């Protein structure tokens, strides 16, 4: 399955890009994507928390990814 | 003893003046002055509360009045 | 829908934006300085018992370390959406009359305004609670990230435990 | 104390008013419109974690009765003194960095600002608490009186039980 990853803040630094096309196998949920990214980019494990959004909404680990989904990687926010 | 009364807000309306020179006998404290005013101007009794200030500070009932003191009559405040 | 008459005097159309239910919320992400007075003005309401405003400014230091400047990055469409959710909660839970919620992005100097939240409510106690809830929740849910620049480097705030 | 030399270049004297301890409090009673931004500006501080501002405006009605306008009268020297007491409590109890406290007197129209209180503190929670304390206490202790004008008369607010 093909998905697009968009990253902000420190996630962008870890991925070394703000946008990434990913061909994933054995990954069908947000939870599995998180594990996959933490394996490929171990620096993600150092973050306090990492969240994901699809369709401009936060999604939980059990969210099923679909073909061509755009997944936003959201490191701890620090607005205000 | 001679004192000066200065009134604000509704107290001014009750006294029908904002300033009054008063010659008082048998009145030596704020508490006694309050009783005196309530007797002379019964409308004061209708107020929720009435406070007095001398020297730009609130004073309690037992405050001793002195010759030529300026006493401020302070009806319930309503700033803000 | 009539053809109109160019000789007739122009109709006076008076239009008060605040009377339209869904314009009681004003959400903005700006790359130019925040205008506090615009936020305060927006929430001004004839029935307001209180207007409470939170203004967040850039601090000169973090844990004793001198900050030179700051940069905010946002995932804008979702940040707007999350700010709107907070504003809607404030409207509902505290019966707010109006909410104005402006967040700055880009590079900011020390003392500059990063965020302004203005809330008006019929009774003032609610405005304090609602405004505090709004800033607390913003810091938890709104996808905006702050990078602090020090003399010896830069760091994404709150990114590391 | 030296005689000076008119040919020497003028000394550059830089002077930051906020650094002087007793100017961290700004108390004003005004018969002209309150400038909220001046209050917010006054409390802006490089160490502030939060600035909270209360803006009290004139309501269009009281207990369902239409208010036409409002008049504030103050016993000015004591009002200033009492406002200063509140500001000093806020500085001490909540470690405020600065407090600005402006109250309007005279005749005000609906929607006009009657009072603005701005407080900055190192941590934002304290600013909310301190600002709420300030407006609550103002309404109890500061000798300022409000008269409301209705279509059928006028009344001193809070004067009757």
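A, B, C and D are the chain letters, set down in written order, and residue numbers restart from 1 in every chain.
Keep in mind that, in the parts below, contacts are C-beta pairs under 8 Å (C-beta built on N, C-alpha and C of every residue); 3 or more make two chains touch, one makes a residue touch a chain.
All values derive from a computational prediction rather than experimental measurement.
K.L.:
How many steps does it take, at the fewest, to get from subunit A to subunit D if each step moves to a chain that touches the one before?
P.N.:
Minimum step count, subunit A to subunit D: 2.
K.L.:
Could you tell me which chains are in contact with subunit A and with subunit C alike?
P.N.:
Looking at subunit C and subunit A together, no chain touches each of them.
K.L.:
How many angstrom between the C-alpha centroids of subunit D and subunit B?
P.N.:
The mean C-alpha positions of subunit B and subunit D differ by 28 Å.
K.L.:
Mind checking the centre-to-centre distance between subunit B and subunit C? Centres are C-alpha means, answer in whole Å.
P.N.:
For subunit B versus subunit C, the centre distance works out to 48 Å.
K.L.:
Find the geometric centre of each of subunit A and subunit B from their Cα atoms only, then give the gap between the two centres in Å, rounded to an integer.
P.N.:
Comparing mean C-alpha positions, subunit B is 72 Å from subunit A.
K.L.:
Give, as an integer number of Å, the spacing between the C-alpha centres of subunit D and subunit C.
P.N.:
A distance of 23 Å separates the two centres.
K.L.:
Tell me, which residues of subunit D touch at least two other chains?
P.N.:
Answer for subunit D, listing residues that touch two or more other chains: 56, 135.
K.L.:
Residues touching two or more other chains, restricted to subunit A: which are they?
P.N.:
none
K.L.:
Going by the touch definition at the top, which pairs of chains touch each other?
P.N.:
Chain pairs that touch: A-C, B-D, C-D.
K.L.:
What residues on subunit C touch subunit D, complex-wise?
P.N.:
36-37, 40, 44-57, 59-61, 110-111, 124-125, 127-128, 131-132, 135
K.L.:
Flag every residue of subunit B that touches subunit D in the complex, lowest number first.
P.N.:
It comes out as residues 6, 8-10, 13, 46-48, 53, 56-58, 72, 74-80.
K.L.:
Given the complex with subunit A, which residues does subunit C contribute to the contact?
P.N.:
56, 72-75, 77-79, 81, 103, 114-115, 135, 138-147, 156-161
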